[in-house]
Amino acid sequence: MKSDVMTRTAVQAPMAAPAEPLVEIRDLHVHFGTPWRQVQAVNGVDLTLARGEVLTILGESGSGKSVTLRSLMRLLPERKTRLTGSVRVDGQDVLAMSRRELSRFRGRTAAMIFQEPMLAFDPVFTVGDQIAETVCRHEGVSRREGLARALELFDRVRIPSAKRRLANYPHELSGGMSQRAMIALALSCRPKLLLADEPTTALDATVQIQILLLLRELQRELGMSVIFVTHDMGVANEISDRIAVMYAGRLVETGAVDTVIAQPRHPYTLGLMHSRASGELRGQRLSAIPGAPPDMSAPPPGCAFAPRCPHADATCTQALPGMSELGDGHRAACWRLGETAS
Amino acid sequence: MSTYFLKRILYVVPITLAVSFFCFSLVHLSPGDPMDAVVSADAPREVVAMVERAYGFDRPLPEQFALWVSRALQGDLGLSAANGRAVTTEVFAALKNTLLLALAASLIGFTLGCTFGLLAGYWQGSLLDRLVTGFAVGGVSVPHYWLGMLLVIVFSVELNWLPSSGAGPGSSNDWAFEWAYLRHLILPAVTLSVIPMGVVTRTVRAMVAEILAHEFVEALRAKGLAEKRVFLHVVKNVAPTALAVMGLQLGYLLGGSILVETVFSWPGTGLLLNNAIFQRDLPILQGTILVLALFFVLLNLIVDLAQARLDPRIQRS
Amino acid sequence: MTSDPRDRGGRAQPLLRVKGLRKHFVIKRDLLGRPLSRVHAVDGIDFEVRKGETLGIVGESGCGKSTTARLLMHLLQPDGGEVIFDGDPVGTRGGLSLREMRRQMQMVFQNSYASLNPRMTIEESIAFGPQVHGVGRRESRQRARRLLDQVGLLPERFAQRYPHELSGGQRQRINIARALALEPRLLILDEAVSALDKSVEAQVLNLLGDLKQEYGLTYLFISHDLNVVRYISDRVMVMYLGKVAEVGDSEALYRAPAHPYTRALMSAMPSLEPGRRTQTAPLAGDPPNPIDLPPGCRFCPRCPLAVDLCRGTEPELAVLPGGGHLSACHRAAEVQAAVSNPQPSVEESVR
Amino acid sequence: DGQVLRIAMTASDIPLTTGQPDSGFEGYRFLGYTVYDALINWDLSSADEVSGLTPGLAESWEVDEEDTRVWTFTLRQGVSFHDGSEWNADAAIWNLDKVYDEESPQFDARQAGNVRGRIPAMDQYEKVDDHTIRFTTREPDAWFPYQLTFLLFSSPAQWEALGGDWDAFAREPSGTGPFRLTRLVPRERAVLEPNADYWDAERVPRIERIELIPMPESSTRTSALLSDQVDWIETPAPDAIPRMESRGMTITSNPYPHTWPYQFSMLEGSPWRDINVRKAANLAVDREGLEALLGGLMVPAAGIVTPDHPWYGEPEFETRYDPEEAMRLLEESGYGPDNPVEVKVLISTSGSGQMQPLAMNEYIQQNLAEVGIALDFEVLDWESLFPNWRRGAEDPSSRGAHATNITFGWLDPFAAFYRFMHSSMAPPNGFNWGYMDDPEYDRLLDEARVTFDQEAQDAILAEFHARMVDDAAWLWVAHDVGPRAMQPRVKGFVQAKNWFQDLTPVYIEE
Amino acid sequence: MSLTLDTAVSPMAAPPAEPGYWRSVFARLRRDPVAMVAGLILLAIVLMAIFAPWLAPQSPYSTSMLHRLQPIGSPGFPLGSDELGRDVLSRLIHGARLSLLIGVMPVINAFVIGSAIGIVAGFVGGRTNTVIMRVIDVFYAFPAVLLAIALAGALGAGLVNSLFSLTVVFIPPIARVAESVTTQVRSVDYIEAARASGARSLTIIRRHVLGNVLGPIFVYATSLISVSMILASGLSFLGLGARPPMPEWGLMLNTMRDAIYVNPWVTVLPGMMIFTVSICFNMLSDGLRSAMDVKL
């Protein structure tokens, strides 16, 4: 462990609430236009992330988690994406950046880890080269120095026989190994913000936990902020300080991880918690959320969850609920919060 | 050397055998008498019989085949029925010219094709892309023998800028990189380059588009790499496939230049083959096809090996 | 639940008994086509599935779960071993014919999309199986509609649709309906819910429960989600590198795993208790390739408890005292004892 | 180098250079009589008179009056091959062995194949002394001298020097001709340079170099000429001639022994057995119209040979354009508008010397239709039509046709008449495709063949020819004029009335 | 079993029912202007071929020596006349029949034969596959043009021989594509599912494989038509295909070559037709491919 100081900073970060948050997303909308249909992937997301904080975005497939994450780096295909709202990272307005600024920002201020590490590496370059290339790009050092840094990083993410692995091509690494390499790559320029899009979903349980632990450790050591996307509540619990639950392109509930897991308030979060299969429920029916998420090319007018919600009434299908503060940074967007208090 | 390499190389042996067998039987599919080419139709019968003996056409087929293969192994493909010269010399003299033409055409076609393909693929959907795509479709759709005629009309008949036929003022034996010779190469090479240009453009464009859709490209951008560098990655990914396509195209040019060589009277294998067909010069027909096919087999081998070298996924897995 | 007329040996006779089932894939050959290296995908496994139960199979990726399922269905030709269905050997002379076996045993695949023919309507897909077995067109269509209804999809609305017009959960219901169309007794579910969202997964799990009751089905439930397996299974089998590591009653096995691998697998599950986080990883490294297997116990390179015995001798799957619980570990007893204490790897969060 | 003459030939390859060229008469034209000599050469010096024979490597020859099968040739002295070796009787015999003695080391099947068919009379040969040789023919044959023009002589010394290899010899041949071959690139180019020591000082070439380039496509030849890649092209595409003329090119032409006819079948059932039909056909063709159609590149034919030829004779029947008379004749034989003569003709789409077969045949079809002869064409490719010639009208490959349309060249009486008209030449012996069998023809031809006095022989042939024209034995249509196109700077060329041409007087005007 | 709440379906969940797959492909194709224009031109040319005798102003065979080599726009000869005074327009119209026939037929033949070979090889797999594909490989050792010319040249000129040669040329590539598509499809879960339901191989091929495999093979085959058109006409151009005086574009190009100095632009016309048909087939094929490629 590097130092206690670092650990403490990380732990205190959310409470200390320093002057400026690292990430500030205001009213983010992301629409995709394809020749066939219009997809409203993200519809008004507000999100802040303090320095050193780990936030998990939790939600079903298609709820807009990845799109939100990619908006932070403006990685969405420019031609067909309409981005509105504001995204500020480390005091910079991401949506207003020029190409140059953007490419300085990417990888240096914010870095990203992908779900399928195998696919996120260029198959015809060695992993070492791909890391060195990033270092060269951002720090203007030679390839040799870049490779030296890569070696250091490989040791850091505990890749055995690091030197040999550097010369490997991506397909020669196993799943866990390549995710470690991916993390090494993301950390190569000591980013302030690490974005992780379901980095463990493709991995086996025994490997997943290794990666989670590694990430947690590195986050503490480097004092990074992390936004972590997953649909696995357990993973969220393992890694994050705060959870933001997304449904149909909107945040429906956010709060400290313990609070949200212990006392979820939004009916969707509640439903998720209760529909989880576990040993205790053996032989009983699960209280599943009925139906399926809405089609994002034609989202319903009111609360998007209303059609599946056991508490829904007329208001819900007509008007969009705003975020209500429930204390301690725990907030939820629902008209019927009264009914969901345990 | 990996087993892949060894296997790939050994695989050439059965293919070569099969190809030779095909060439031999191909010729004996043909109706008509190989003698027609050697003696004129008004020759008396005893002369025909005499020449037949001299050429060995009177022996039974299997014997002819055995003889042909054993001689072919020693580089002797028999004598031309039309002029009595050694087929090997004839074919290789022509092959040299065809190679020259094919290489010139490839140079033009591949350069343009790669450039166009990379640009169009990179800016997919743009006006440039649409222009290039249209051009490439034109390239693969144009009957090149017709294009050759068209070029002759414009540049030789109407403008009188470039010669319309032949290999140059001396002969192809004296071929030199001098304007007097290069002039002769321009029209046939341009004509012949149109197809590889189209094919390479289309392949490279599709490949680039496909590569760009890969997640790793997003990852590269997420690392903050400059577009130039991203482009380099794309190019390196496209390279193995593009190389394979180009290798094949070069092979097709070698074998497929017959129409263009006929239009421009370029003294290559195509013209040789064309003459052989019409003179029913079966030994030349056999020999040319065999040599071209074997050349193509060899080229395929080289391409595969090169591709394996370039693409770490093939070689190491 | 009525008793099935096809039932032969009564409840005492296992519905499926597998003995020494083996499949090795050759992945590299030399120049003469002789095998150079093989994947020991399934390397001699024995187990049985009792009538009416749900047997869960868990294990890391590549341990041979799907291969086992495909071998049971005879979609792959086994290299060795025996499959006995309700007392009848399958695929041997005098035994159950493949065709008949396939009426009684059906399978649902993980990829709900790939397992439906994109060019066939839902109705046609479901009716295909019965038609193959000689049921008339009309009747098989009727059966398809009835099944659609049973898996909770309105026949009028869904019968004529194509797979791409449905959501993942809906498609997986169709797959279940298709498997049920032949009225099987045993349903193999190979990661049938893994690709679904949690909210939808619960729906399908409920459906499976309902169907099981309704038809008295027996399930072979393959998954890598320990929670789900624990929820649905009566008994659980843990596989490691093509071998059975441990089999036992679900509760017993979860409470007191008798194989160090099972134990590791369990402690690798992310904690769901607020305020508790996993502190150390139970296993280091990735699951190894089943290509070059170490002598002795194949888990021993990763095993914290490995001793010389483990490196030298391969442990047999042995019944533990108390019965019904089998483990392939030389030190099974010690492992079981160790787990009785609170899990050491999870501690109070620092927060 | 201004004195270079580049000639585009119609052959697709350089004809064989070892002495007995292939590629037909074009081969003899460019790589036969240039590099080599025969015992008897063609006199190609005049454009107006029909070309005759002239002494070549033999100074003189005579036939034995006792036994007319025996010919004695006195060889020219002081002639040497290009390699410097001497021309003598040994060299002559060596060359004869080259094509007749399959056991001799210098025997060459290719040369033999090219020449033996052209000298059917040859039986035996022997050396008398160093400058005299003697031939014996199978039968008395007055046309033997014509046949000997095809036997060319290569240098034995050169062959020996090159290791007895005809392939090597082909690249560095040595003859006695006015040109020497200095370079050979197969299929592309042959270079001829003057033989300054040629025995006939008058025929020492004026040009410094001739490059012979094979160009089988007529459009290719045309564009090569127009773009100044060559100075001279053989048989330009007739349609392109106006264009060439407008660019100042010289077009030369002269009728030569080449006839474009319909050869009739005399088999049972052929309408041509009726002389009225034959005459009607000959009267129905508007040859002037056809000439206009071909841009003037033909002369009307009224027999096998041209009217200015000594063998033409004085026929009574005038081959002219007279459709009325044609119709009258047909009526006489019972034909009419409702009852046309129906005949089937084998024609080809193209072929060596065939001129413009499709266009010409269709024109003739129209002409004949007007008088009531309905032509039905059976279009074959040249490769099928030509072999059919020797198989005859009865052969299945003739598909029941009543006439065949093959042009031919004739230089001697055998080639002009005998092989077509003598009954012994019926298939498969010769080219009497239609099984013509007229005792009178046979008698006249046999007589001419043994008449060794030139004038007497010509008279018999004239009688024969006149009789044949009166008979309207064939449909005579046209004689080719052998068009050539050349750059205006090419001077000195005299186009002889012959298949062969003399290149020695040609020069380039700077 | 009763429908319980949790299995009820939300009204939004399912998109509106769409028509069958091919209809949706066609609908997408219709929205592709390039492909549509190409398709319409082809349709026009096909109609022209069918109705040639009614459309052509003159007989394609009737020669007129007085009107040889007329330039474009001459009275009575809107597109000029050829070396025998035949009306080029009429010959082009009639030529569509033969040219389309010899261009399209080999691909159709090869599609039938090649698909059969490829599907069997792909579906059966194993040793059978190896043997079949190795034989196919031998044909791959020849560039397509060379193979076509070699066969046509060896067999001799003629329409039937040229059709045969081209068919032989196109069988290997189609078989290869068929094989690879089938091999892919064969390992897809729904085929496994069909096998798991006890269906026999033939039934599986018929009901599951064909429908999913023929589409891609068909698209590939359409892209070959353009090559085939060029090659078939090329054979005629060399004198190995159609024989005079048939109206066929490649052959017309050949026989009119000599007139290149008289009226060059008339000689260009037949090639223009080949080019047009070929490019239209290519664009249609491209359109079809992208219409089929859209992720469902």
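Note that the chains take the letters A, B, C, D and E in the order they are written out, and that residue 1 is the start of every chain.
Simple rule for what comes next: a contact is a pair of C-beta atoms (placed from the backbone, for glycine too) under 8 Å apart; a residue touches a chain by one contact, two chains touch by 3 or more.
Chain identities (UniProt): A = ABC-type dipeptide transporter; B, E = ABC transporter permease; C = Glutathione import ATP-binding protein GsiA.
Not measured: the values here are computed from a predicted model.
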item	value
Steps needed, at minimum, to go from chain A to chain D via contacts	2
Path length in steps (a step moves to a chain that is touched) from chain B to chain E	1
Chain of greatest Cα-centre distance to chain A	D
Pair joined by the larger number of C-beta contacts - A-B, A-C	A-C
Chain A and chain E, separation of their C-alpha mean positions in angstrom	50
Euclidean distance of C-alpha centroids - chain A vs chain C, Å	32
Chain centre separation in whole Å, for chain E relative to chain C (CA means)	48
Gap in Å, rounded to a whole number, between the CA centres of chain D and chain B	41
Multi-chain contact sites of chain E, meaning residues that touch two or more partners	4, 6-9, 13, 15, 257, 260-261
Overlap residues in chain C, where contacts from two or more other chains coincide	167, 170, 202-203, 206
Numbers and ranges of chain A residues touching at least 2 other chains	285-290, 292
Interface residues, chain C side, partner chain A - complex	60-61, 167-170, 197-203, 205-206, 209, 224-228, 230-232, 250-251, 254, 264-265, 268-275, 277-287, 350-351
Complex interface listing, chain D residues touching chain B	12-13, 16, 22, 24, 102, 109-110, 112-114, 116-117, 120, 166-167, 170, 185-189, 213, 215-217, 220, 223-224, 226-227, 229, 383, 386-387, 389-390, 428, 431
Complex interface listing, chain A residues touching chain B	70, 73, 75, 79, 99, 102-108, 111-112, 114, 116, 119-125, 133-134, 137-138, 169, 171-172, 185
Residue numbers on chain D that touch chain E, as the complex places them	217-219, 222-223, 226, 237, 239-240, 242-243, 293, 349, 356, 358-359, 362-363, 366, 379, 381
Touching residues on chain B, where the partner in the complex is chain D	32, 36, 38-45, 47, 50-51, 54-55, 82-86, 89-90, 93-94, 152, 156-157, 160, 162-167, 169-173, 262, 265, 267, 271-272, 275, 278-280
